Structures are given as structure tokens and as C-alpha cells.
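One chain, chain A, links the two complexes that follow: it is found with chain B in the first and with chain C in the second.
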Partner chain A sequence: MASRVQQHWLTFSRMWLLCDARWQPTPELAKRICKYLEGRHKPVYHPLTDCGDHVVVINTKEVAFDKNQWEKKLYAVNTGYKDTMIAMSAKDFHRMDPTKVIEREVYSELPKNSQRQNLMTRLHLFPDENIPDNIKENLVDIIPPVMEPPKRLDEFTEEEKASWPRFFIPPADYKPAD
Partner chain B sequence: MQDNTQLAEQGWEVTTNYIHRFLKAEFPLLPDEGVKAIHDYVTQENMLVWIAKHLGVKDLIRCESFPVPPSVTKQVFLAIIGAVNHDQGMQRAEMFVHDFVVAQLVGKDVNAMWDVPNPMGMLAEILQKEGRGEPEPRIINQSGVNTVTPVFCVGVYSDKELLGEASGDTMPLAVEEAARVALANMFKTHEGRKPLALDTRLKTMAEIAGKTDYLENKS
Partner chain C sequence: MFLTLARYVRSPPPDRWWKRRYVFNNTWRFWGRHRNCYKIAIQSMQHAWRHARRGRAEKKRFVRGLWIERLRAASEEHGLSYEHLVVGLDMAQVQIDRKVLSHLAIYEPKTFKALAEIARISYGEGLMAATGKQPEGVFTRVVHWE
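Presenting the complex of A and B:
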């Protein structure tokens, strides 16, 4: 172990974490990002120590909503003109700017105090996997995903398909009844 | 009133001798300069004056000038050790040094007392003498490289074996710190070592240090 000064510096240093938002359920993802932004994943956490980490989110354009939330969920959008507040569906909002959905969700999940703006500046959102080099060099670790994205049928190999357990294998001349 | 210079000299001999033996027994792998550095820290004037003050030596001093200069307090303290040595024998004097002076090392960072200007160079020398591979610093982790608060975790390897690991604000600082940790691990003065053997009775310490002659006169 190094000297106490160095150990102290390491304990309270700010990490840069990567989060892949591909096919992740949005509210659960927002909660998880919130936890890392606040620093609640550290045993030295205290709200006054400002011990949160930076979170870089990639593939935000591929984030997922449950059921028919894309159509049902509404976001309040201020157009900037007088007396005009628009309620946009999540689908249109996402089409307008693919990073804004996650930004709004994390903003609502963060504690509603003066820390919130500071923590939002430590959230970096990118619609796909292109990250600027100076941010890519900062990264250290990965936030574990909320759920593993499920595989499509064409992403399985032939051996996996053949060895998949089946209840009964019908004979070759089987015709299902209508 | 007699002069206490002779007693003070005796006291200093006892103190220095015992501290050196204690440190050599406690840190057998630490080089002589390191032992000397720890000894110098524990016997520096400020330290001895502080111990003396808290033991009530102030009340025993007769001095021309007021306030009493620190050099006088130090001399009186050493003279007291000399007096114990003269009156009750070396063993009792050494127990006094053990309990009051050496005990000041508890909780102190022993590696910081020895100012090594080039730890990497020293490490390279030692490894060369032992016939091992030269020290290679490698990055273990780094975060926030392009920010104002970066963290670099560096490990020093020799023949693919990790000698010491440390973190730092900048890369050269982290490398230097890792070399210091590697040295501390080699000399067995690392943070996770077992505590100072302060509860060991003098006989055991004498046995460890190999000096048992004066114990034979124990009454």
C-alpha cells in the first residue's frame, strides 16, 4: 500500500464509466446510471463528499421501452414561443433527438436538489458508438447492463439450434391440423 | 550542584544503542540508512523535549534562563536516563527508553522518515545485486487521463512478478510512488506488516538482537 496521501487520493478519485444502452429498459437503466452518478456504489459514499463518477452512455438511440410506451408516454417540450407547451410522444421525442429520452429519465431519477445540475454535467450521451477520443481515453470500467440483450433467431448458430431441448420432435410427414 | 553532562552522555549512549538494536531486530531487512533515519526521527530534539515535557521533567530542571531552552530539557532528559543506568542498571534504563522513546513510533509512517530521492534507481540497484530482472513500471489502471483530476495506477514488475503497486496524480509520480511501495515491500516495512514488538519483554528482544551479556547480572 502506498502512503496515506496517495491512498486517500485514490479512494476519492473520480472514475469514468461506460454504459451501453442497447436494448436496455429505460427506467431501470436511468436508476442504475443515477446510482453511479451520485456515487452510491462506493462504500465511502456521503451526499456531501461529491464522490460520484462520470458516466458515458453509448447507443442511446437503441434504448428500449416496455409495451406500448413509445406511443403512450408523453414528454413536455417547451417550444420557446409564448403559451406553447407541447406534449410529444416518446417516439417523436426520440426521433427529434435520440439522446434526450435518457437525459430526461436520468434527470427525473436524480434527487431533486442543487446537486442535480452538477451530476447532469457528468453524464455524457452519445446516440451510437462514436465517442470523441478525449473521452474514450478517460474511460476505466463498464457499468453492468440491466439485462443482456436477447438474441434474435438468426443470431443463433446452427449447432445451438440443433441441440436446443425440444418437448417432442414430430415425424417427417407430420401435417398440423387446421 | 554537579554538572549533568557526563550523565547526559551516558544516557545518550544507552538511548542510541538500544534504539539501533530494537530497529535492527524489528526491521532486519532495512538498510543502515533507513535505520539511521528512523533513529534520527525518534531522537530528534523536538521529540525528546515533547516526551520530557509530558513526563514532568520540567519540574526537575534548574536553569539560569527562562523559558528553559529545548537543548537544556533534552540534556536533562538524557541525564535522567543516564542516572537510571547508573543507579539501577542498563536493563532498567533500556526499559525506560523502550517504553517512552521507542513507543513514539506507534502509528507513524516509517517509510516517510527516510528521504529517498530516487526510489526507482535504488530499486534497480538492489535487484541487480540480487541478480533479478530490472524493474519495469506498467499501467494497471488509469482514469480521467484528459481531465484535471486523473488517476494512474502503476505497478512495478521484475521478471513478471509484481513488486509494488501505487496510484498517483500524474504518471511519473505514480511510478515513483510504486517504486517506493516496492522498496517498502522488499524491506518489510510495508503498511500491512505486523505491529511493532513493543509488548515483548526485554529478554526476548535481547535474544533476538543477540546481546544477552548484561542480563546475567540481573538480581
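Presenting the complex of A and C:
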């Protein structure tokens, strides 16, 4: 390092991080994004220094919910008409706009203070992998995923299937009862 | 001997001006009447003193929470969790407190990396001791205090 000032600028510079939301559980993903937006992943964190980073989320249309949350979870939607507020299921809300589910989840996970609006402007959501060039230039690092996406049975190799541990190996003439 | 009358005589109270001057010296930064009117200023001053007393205790709690938050971030950078770091250092009999550890994590990153390695190894050693296996290439040394 040439000087202390340069070291200081580099330490507190705002980074652009990429997050892949493909098949990630939504509430856990939202908590992880909040952590990076607030800057809690840095040892120099302080609530008064604005040390959070930009987070670019791709593949938001492929985000996952647990169990039957897609049908059960309701979002309050403003229709624009007077005195009507609609409760939309997560499925319809996602169909309406594929980025809004993650936006709402992150908004509710952020601390409820005046920083919240500011941090939401640093969250960039894209339904698929098409990112504008000016944002692509800035990306520095990848946020580690919450969950490794599960593999389908036909994505496993034959060696993996053969070496998978089995509870018991039935004899050759074993026939299961119907 | 009749003493009651003598006991009714008290020393004179302080001059009113000086009593109020004491309060206004403490409230010169407050807003409006809280600065200049005694009846209002004395209440503001007492509130301020109560908040300061409570704040002195809260500040210690807040600062410790900040150290722990920073250590959580720093240990995640080295692939450890905060709990593993603290328990591992305790098992290795390293008695550095959270205040100094968080300072090292910011200003002495290589030292902190070495401490994280110590914590990782001694945490693993604890499990190895429970299972009865010793990891290879590890030299353990326990300090006894007399």
C-alpha cells in the first residue's frame, strides 16, 4: 500500500456482489442478502458507517418456497383503486412480477429504520440471467448460496449410484410383497 | 434540657441565584425554555442525568455486541463460526478478550488468521480427544498455572 488514505478508501469501498436465486429457499436467501446489504459481513462493520454493498440477484423467477407456501402465503397488493387492498397468493404475485417476491422478503428482513429505503435501492433484481452491461462490469464477487440445488436422479452418474450407501442389500431372489 | 427550639434553627439555604445558576450551567445547550426557565430546566436536567446514567451501562453492552458482530464476520472470512472461534481459543488457553480480538481482526489480519487456525485446530482436537484419535502433524502443549 502506498499510503494510509488509499488503504482506507479501499477498505470502505462499496462492492458489487452477485447472488444466484435459482432454487434457493426464499426466507433464508432474504436474510443472507440483508446481511450483505447492511455490511455485517465485514469486520469493520458499524451501524453508523454506511458500509453495505450492492447485491445483484439473478434468476429470481426460479426462487423456491417450502411446502405449500406458494398457495398459502399471501401478499397485500395495492390495486390503485380506492379502498381496495387485495391479498394475493405468492403464486399469483410471482406470476404478476417475478422479482417482487424477493423484494418484499428482503424489505421485511431489513432493520426497520430510515436506512431501509436506502438499502433497497442497492438491491438489483433480475428475473433471468440477462444483466445490463454497466452492472456486469461492476461485479466483483459471488455470495455463497444458501443451499446447493438438489440433483435429479438422472443427473447422478452410474458410479455414484453404485457406491451410494444402502441400508441392506436384498438377496438375488428377493421379491417384494405386492 | 429543652433542645427542640435550638434544633428548629437551621443553617441558611444557598442563595436562590446560585442554586439556579448551577442548573443553568448544566442546561445551556437545551432548547428554548428548557434553557432559561428554572422550573422547566430543572426537570430537563434531571431527565438528562437519568438518561446518562442508563446510557453508561447500555454503552458497555452495545460495544460488546459490536465486537461480537465483528468477530462473527472476521471468523466467517476464515471459514469458522464465531462460536467455534471462541470455544477453540478457550480450549487452547488463549485468553485474549473480544475487544482486542476485534481490533486484531481489523488492523492485524495475519495475526487474526493465525489465531483462527489455533482455534480451528484446538476445536478439532477436542472432538478428536472425545473420539480417541490424534490428528497428524499437530503438537499440543498445555500450560499449567500454579
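By our rule, the second predicted complex is superposed on the first by the 175 of 178 C-alpha atoms of A that agree within 3 Å, B and C clash if a C-alpha of one lies under 4 Å from a C-alpha of the other, contacts with A are read in each partner's own complex, and residues count from 1 in each chain.
Basically, contacts are C-beta pairs under 8 Å (C-beta built on N, C-alpha and C of every residue); 3 or more make two chains touch, one makes a residue touch a chain.
All figures in this text were calculated on a predicted structure; none of them were measured in a lab.
By the touch criterion defined above, A:134 lies against chain B but remains apart from chain C after alignment on the C-alpha atoms of chain A.
Of the two partner chains placed by superposition, A:74 touches none, neither chain B nor chain C. Shared-chain residue A:87: touches no atom of chain B or chain C.
Applying the stated contact rule after C-alpha superposition, one finds that A:96 touches neither chain B nor chain C.
In the superposed model, A:16 makes contact with chain B only, not with chain C. For the contact definition in use here, the chain B contact set and the chain C contact set of chain A share no residue. Residues 40-46 of chain A are the ones touching chain C in the complex.
Contacts from chain A toward chain B in the complex involve residues 1-4, 6-7, 9-10, 13-16, 54, 134-135, 137-140. Contact residues of chain C toward chain A in the complex are 66, 69-74, 76-77, 102, 105-106. The touching residues of chain B, when paired with chain A in their complex, are 109, 111-112, 141-147, 149, 151, 153, 165-169, 177-178, 180-181, 190-192.
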